[in-house]
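Taking it in order: structure first as structure tokens, then the write-up.
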Amino acid sequence: MLRLTPPDYTTISEAKSFIANYGGAEANVLVSLSHLGHDTVFLSRVPDNQLGSSAIMHLKRHGVNTDYILRGSSNLGMYFVETGFGGRPSKVLYNRAHSAITRIGEDDLDYDEIFSNAEWFHMSGITLALHERVRAVAFKCLEACRKYGVKVSFDFNYRSKLWTIEEAKPYFQKVIEYVDVLFANFFDINTMLEIQSDPLLETNEEKRNYVAKKLMEKTNVQYVFGTDRIVHTATDNSLSSYCIRKDGSVFKEGPIRFSIYDRIGGGDAFSSGIIHGLLKDFDHPKFALKFGLATSVLKHTLYGDASVMSEDEVLEFIKTNGNAAVQR
Amino acid sequence: MLRLTPPDYTTISEAKSFIANYGGAEANVLVSLSHLGHDTVFLSRVPDNQLGSSAIMHLKRHGVNTDYILRGSSNLGMYFVETGFGGRPSKVLYNRAHSAITRIGEDDLDYDEIFSNAEWFHMSGITLALHERVRAVAFKCLEACRKYGVKVSFDFNYRSKLWTIEEAKPYFQKVIEYVDVLFANFFDINTMLEIQSDPLLETNEEKRNYVAKKLMEKTNVQYVFGTDRIVHTATDNSLSSYCIRKDGSVFKEGPIRFSIYDRIGGGDAFSSGIIHGLLKDFDHPKFALKFGLATSVLKHTLYGDASVMSEDEVLEFIKTNGNAAVQR
Amino acid sequence: MLRLTPPDYTTISEAKSFIANYGGAEANVLVSLSHLGHDTVFLSRVPDNQLGSSAIMHLKRHGVNTDYILRGSSNLGMYFVETGFGGRPSKVLYNRAHSAITRIGEDDLDYDEIFSNAEWFHMSGITLALHERVRAVAFKCLEACRKYGVKVSFDFNYRSKLWTIEEAKPYFQKVIEYVDVLFANFFDINTMLEIQSDPLLETNEEKRNYVAKKLMEKTNVQYVFGTDRIVHTATDNSLSSYCIRKDGSVFKEGPIRFSIYDRIGGGDAFSSGIIHGLLKDFDHPKFALKFGLATSVLKHTLYGDASVMSEDEVLEFIKTNGNAAVQR
Amino acid sequence: MLRLTPPDYTTISEAKSFIANYGGAEANVLVSLSHLGHDTVFLSRVPDNQLGSSAIMHLKRHGVNTDYILRGSSNLGMYFVETGFGGRPSKVLYNRAHSAITRIGEDDLDYDEIFSNAEWFHMSGITLALHERVRAVAFKCLEACRKYGVKVSFDFNYRSKLWTIEEAKPYFQKVIEYVDVLFANFFDINTMLEIQSDPLLETNEEKRNYVAKKLMEKTNVQYVFGTDRIVHTATDNSLSSYCIRKDGSVFKEGPIRFSIYDRIGGGDAFSSGIIHGLLKDFDHPKFALKFGLATSVLKHTLYGDASVMSEDEVLEFIKTNGNAAVQR
Amino acid sequence: MLRLTPPDYTTISEAKSFIANYGGAEANVLVSLSHLGHDTVFLSRVPDNQLGSSAIMHLKRHGVNTDYILRGSSNLGMYFVETGFGGRPSKVLYNRAHSAITRIGEDDLDYDEIFSNAEWFHMSGITLALHERVRAVAFKCLEACRKYGVKVSFDFNYRSKLWTIEEAKPYFQKVIEYVDVLFANFFDINTMLEIQSDPLLETNEEKRNYVAKKLMEKTNVQYVFGTDRIVHTATDNSLSSYCIRKDGSVFKEGPIRFSIYDRIGGGDAFSSGIIHGLLKDFDHPKFALKFGLATSVLKHTLYGDASVMSEDEVLEFIKTNGNAAVQR
Amino acid sequence: MLRLTPPDYTTISEAKSFIANYGGAEANVLVSLSHLGHDTVFLSRVPDNQLGSSAIMHLKRHGVNTDYILRGSSNLGMYFVETGFGGRPSKVLYNRAHSAITRIGEDDLDYDEIFSNAEWFHMSGITLALHERVRAVAFKCLEACRKYGVKVSFDFNYRSKLWTIEEAKPYFQKVIEYVDVLFANFFDINTMLEIQSDPLLETNEEKRNYVAKKLMEKTNVQYVFGTDRIVHTATDNSLSSYCIRKDGSVFKEGPIRFSIYDRIGGGDAFSSGIIHGLLKDFDHPKFALKFGLATSVLKHTLYGDASVMSEDEVLEFIKTNGNAAVQR
């Protein structure tokens, strides 16, 4: 998607120009993973015009393999971001109906070629919301992952502007059967997957741990990851991260309080950091949790939807607790 | 519509930012007429969000009355303009499907209130191409013009990307019954209105004069106006203007050769200048023809879709033959 | 007035360019009220050149009626704003002597036409400082308000660079006879209006309440409003608001601590919020006080002299205590 | 003076920002002479604020000695330049009334210290127009030149917006008694200095040569220099230069046709080039005439009021006839 | 190399900022070929820091394979480009001594892997000038081309600032033994390769054809290509292209006169167009010659060192003679 | 040196443009001192091209005498600054090898002329690291200071990227013999000058005071100054300053916590403030310490390597504890 952002904290209404960059949940995860040293492949469909080419060139620039991106139709998804400041919130305005990806066909991809050598597949719930044709392709991908033993991570990202809870539920419940690593909060598991909580539990954290554990008992999900965010102001947040392992162990990191330069893509950066950590050591999530949180915090200091931090830069942040002395 | 233009002759693919401004055929004519000293009212429907508000604020800024603009839906029409340079052409990329105006309803406007005191109504053929609902409103407007004796001008602006000749024909032929002043070339009259030319005629000019005269004989059209453009390069054009009066008299101005800073809206500026001239003296089109051509040439020297020249500035251009000595 | 601001916290001396926007105490209040949904009319006089036109177009863009703005003379008032950062203060450099408004004539306005249907009239003390001719017009306006029962609000805004206390006093004392709602601090009431405080009172707050009450006992003033600002740094302030009602009741809101993107116009935004609140319910100032404070705080997050926040945006700020989570 | 210019050929009314630079007739001549290798001193008075400091820093940057610039008052002269394009003219909007220099005092300068070691003094007629106090200082300077044998050049630069012909005449006629090198056209000599032409002469060139010769016969003026400009469009001009020597010999250069990037200061650059040439060889003006014309043409290709070309760059232009092949 | 260019025709001395982009003779050819649809591989060595990464990301963005680029050392070659305007020439300032590529080692590349499947190898004479170590690698590459039957094109690009004629000669003469397609002018062949001309020949064209034919008779060179440029001004040039085939046939295209937006890389774009044409049909150079000239002219209308035109865009230019009507 | 900084907190890799300014340790100190009202002279050698001229024009602009700057060679030292944000550190990338100053010759300066009327000489340890030829000139300068009784201040600024501790030691130990005022921390004195600490001392502060006192006992050093910085984040630091007098008295100021707009040059601004204070009163360092700290904090709020604050502005900061209320 093309993101258009007024410069200098201007509102959309007052904007005389927009900064252009390209983003999207899965694309952001891939760009970040690419900068962390991984080979990445993006699956999508973009228009066969200059905007589609520009989106592809953006991905190529960041080392993402674009060989499987389909071309066609004329609309690229777009969204406008009004960057908040202090007590004035950031606002996102979508303009993505009828975009090129909604015209994708189930047989447009060679699933065997793509997935036979893959290691990991990441998907966002936003993708499922776009169109029945997109969902069909998504489940073909998930089947291919099962066939070739590719690990699957999934981030709910439920957006009420795109579909209702009732519309989303059956697809989320179906997806979960394929997932190894889940990015989810209490609402996602309790409401979307209909895992009941224990009425005696009081804090949101206890409830989340409870339903996450219950979910993992009856599915193949190995981990539930997520973050808790406290919004002090639009430019000042705190973030902590949590992980519930299938065995019920709970891990936590943070909170870290930080200044925000660009809020968009913070969650995708977290996912990318977790995946990077788990690819190093799938069984011990402590490092992944720390790395994911650090990657997310650093992403907030960078303009653009995706982290472009190298592994060394994230590790340096962890080592120095983000004290950020000048590096000469 | 929101226009997005890469700065500094950058291509759309390479653009890191876009200059934002608002335009559209009728809106451009109104903005120009407003700067020429007329009271103007815009009829349209824009989204009820920041982009819609911004479009309205643009029109207000230039003195166009926006009281009758309807609000609703979420998509504002957009287009991208890649500004050509020398031998590299400008390119326009539309993204206007499903925009807010296509959801307009026939009864959303109070035609009596709007037209009972109006003097002139201008419409572009692009508007007719947008949707059946838009066409229904357009014909309601034309009926109201007939009822209240409002002069009607119409600019074909046939765009093959929006509809086929066969789709457009019946509407163009129906519109013509209401029109007093027509902006048209030979193709518009010959192909769209099916007025046959005389096979003995040789030059495009002769043919155009012939079909224009024949058209006016059987309709209420009083004038046919238009321009001939020679494109030397993307930034160097020549423009001349012509007028055929109902009585068969032919008037011509130009050609003027000129440098181009922004090509978009040149035709709308011509229309605005003609309307301004005819509002001064409907019967003698010589001044209007000169004024329309000058307004159009000056528009090409200004960034943005619409002319913001005052009457004095256009007259000065005519008086000095555009020699443009510094005014201290 | 034209405001010229170096971008990116540059000093005026080092500036290579200036951002241009238009502002002025009353204009700022009107622009904000217009965005809050009110019909507004601006009274002034601006040069009959491109700068004057640009100032008018700015107001039109924000929905302010400019039909009564007079044109003439060649100097538009200007001021330069050097935006402070951290421990470096913002600086304002005026260049407004001999501006077009100082040439205004007492009979240039049709007071009856303007005020006969008006509901509220707001004036800043800066206006009184400009010239004897301006003062004459101001008092004509106040007389018209009295005649037509228009509510009057007045903001002292005493500026020592424009006139001395001795020069200002008689005009301030004369204005007060017309005022319903006063924006004032202890200095304004005590020094300018010569209302003595009680020597036994200790805090500034007690003294202010005391003199405000005394003032209202002997005039027609219904409310005294104001803010207390703590300047931690140029970009980090706290603001609280107070209201003393004629009956002696005191209302307070805040303090709110907030980051500053543009400091200019914070007081005018407060006034606009108060007026908006009182127009909803003149008798119970609690909502107005909260709304005025929120509008002022939000203005500090926006570039430009005036708030462009809608009523919904201000209410959302109040409801969420300005936590500013992303709105998707 | 502070010059404010909308970027990208925007009109003043539509400008969202202004590029800032400093200029003024004599300052421009000095900056150019400084880049041509001469020691230069500027005499003026600027405000004792950031704008005044910025003007001084501009001159220092270009090597002009600012030790004798006086400080005081608060208004710096300003002007707005709307850059024309093609058939749309450039426009200059002055805002210089009451600027700091008009408060200068006759005894504020130490004329002996300043002029005792000077070689050349250049003045523009604009300076004479500013105020009686400025004129008093100007004539003190001219007296000092006479005392110390400093060569004087004078450029009429009559501006009808600043004073009438009748107001200007006596001062121009008085100045001429001190001048060695005059920059003037037929109007300046014929109307301002009241040197009658021969009614039998037909072309402007013949008349100019005639009155120039007559003028020099009765004054100490050694040379009359000037340029003839043909304005094809705002961005495309031709320029030729002429020189009439006391002995009646006439020299001509050009015309050169050239593209314009910034029109302002073209005349001052010409003066600087002439002065440079005469300082090399006062008696043979051929080189000066060529050099002045080249400096002026090159100035039009540079943004800013003054040429920053070195002597080598101007000579290279002359040598290559301005063919401007890339220099690697 | 990192190219730094002052915006808006500013001189280097006056620049407050520089536009950054990456270029270099062979890189430019590859970027252009990539946009023309070819698989391309770049061989070089860049620093192991952010600047090196940025250079690589630039190439990736444009589809150039960067897998064989070596990393190390800390200096990236840089150059500053001052963009000329009208009679003021563009200037290039190099800062490339001691750049990372000069530390390349002969055995750092796997020549067999790289060249065994290659079709074409292009090299610039600038590369030979950089360092003995670079030359060693260059000849290793040429040997590999001979081994695997890879076609070789070579562009003299002799730069007197980098080495003397005497220094360059032996390497140029050695390179020629490997070349199939040569980009050269009369000076290159006559002086560098010491092919004597016939003293009876008069025009530069006759001489060039003569020495080119003689050269091809005694080497394996199949074609000599080149362009003749007439520099009217820095922003207005004419270009024609020529080709001499081994059999002595001479082909010519142009001249085309055109406006220049960015002069840098015009020659590399020509080379890329020729290579593209010869890859389509090696034996009939007519199309290549036309295509190369069009690609070069279009490159001059684009900012940046390399053409990003697609094959369709170049063909459209040829078809319409570059008339550049708006494409809607 | 030319500093190149990506705008808007962009990383170097992602930068599309760089802001250009000029800096360097001693130059920064001089620019600041010049704005504090002192006559300053810069000694260096810069290339004889546009970049060298631009560096000189920068210094001239800020009032630094550049008459003794030598010209020659072609490389200007450069460095890239990536501005950190929050937890992401600023990064400095040097590109200064082989710069023009390393070609300086011992006899290129007229030491007697330069130093015979000087009052103070300041040098940075970075200068010593550049080249043997530079060191030779440095010691010639120090000798001249001794000869003419010029006070010498020296700032260690040890940079491990430029030379090793072992390489640096002998020069630092030799320099110290000439120094009156030393800017140093514990590491500088203990490691570089090999002054042993007392093993019983515990805090860094105690150790620093101890070795500083010991150093002064055996040398001519009168003062040791320095700052302690706590880096909360890249944009949020605390700074305190210390002074140890020859008599063992210790003075401290701060800490002050502040927001950072541009981190570069904070140390040089401190030095300039100290020198300014000592020039007012050499014997009582309390004022200098306060003034140096304030100058440094203010520098962090300004873009560019050097403070441009006037003495009044620094005093105002001290007086108001940096509360930074708007100055109207």
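Every chain is named by a letter (A, B, C, D, E and F) in the order it is written, and numbering of its residues begins at 1.
The working rule: contacts are C-beta pairs under 8 Å (C-beta built on N, C-alpha and C of every residue); 3 or more make two chains touch, one makes a residue touch a chain.
This is a predicted model, so every value here is computed, not measured.
S.K.: Moving only from a chain to one it touches, give the least number of moves from chain A to chain E.
M.R.: Each step joins two touching chains, and the minimum needed here is 1.
S.K.: Check the residue numbers that chain D and chain F use where they touch, and answer same if over half are used by both copies, otherwise different.
M.R.: Over half of the interface numbering overlaps between copies: same.
S.K.: Going by average Cα coordinates, which chain is farthest removed from chain E?
M.R.: The chain lying farthest from chain E is C.
S.K.: If you tally the C-beta contacts, which comes out ahead, B-C or A-B?
M.R.: A-B
S.K.: If you fit chain B onto chain F using the CA atoms, what's the rotation angle, as a multiple of 5 degrees?
M.R.: 180
S.K.: Please tell me the distance, in whole Å, between the geometric centres of chain A and chain C computed from their C-alpha atoms.
M.R.: Chain centroid spacing, chain A to chain C, equals 46 Å.
S.K.: Where in chain B do residues touch at least two different other chains?
M.R.: 7, 11, 13-14, 16, 57, 91, 94
S.K.: Which pairs of chains touch one another in this structure?
M.R.: By the stated definition, chains touch in these pairs: A-B, A-C, A-E, A-F, B-C, B-D, B-E, C-D, C-F, D-E, D-F, E-F.
S.K.: Under the definition above, what is the set of chain E residues touching chain A in their complex?
M.R.: Residues 57-58, 60-63.
S.K.: If we count contacts the way the header does, which residues on chain E are in touch with chain D in the complex?
M.R.: Counting only chain E, the residues touching chain D are 8-11, 13-14, 84-92, 94, 159, 161, 231-236, 263.
S.K.: Which positions of chain B touch chain D when the two form their complex?
M.R.: 7, 256, 258-261, 297-298, 300-304, 308, 313, 316-317, 322-328
S.K.: Could you pull out which chain B residues touch chain A in their complex?
M.R.: It comes out as residues 4, 7, 11-21, 49-51, 53-54, 57, 74-76, 78, 80, 82, 91, 93-95, 97-98.
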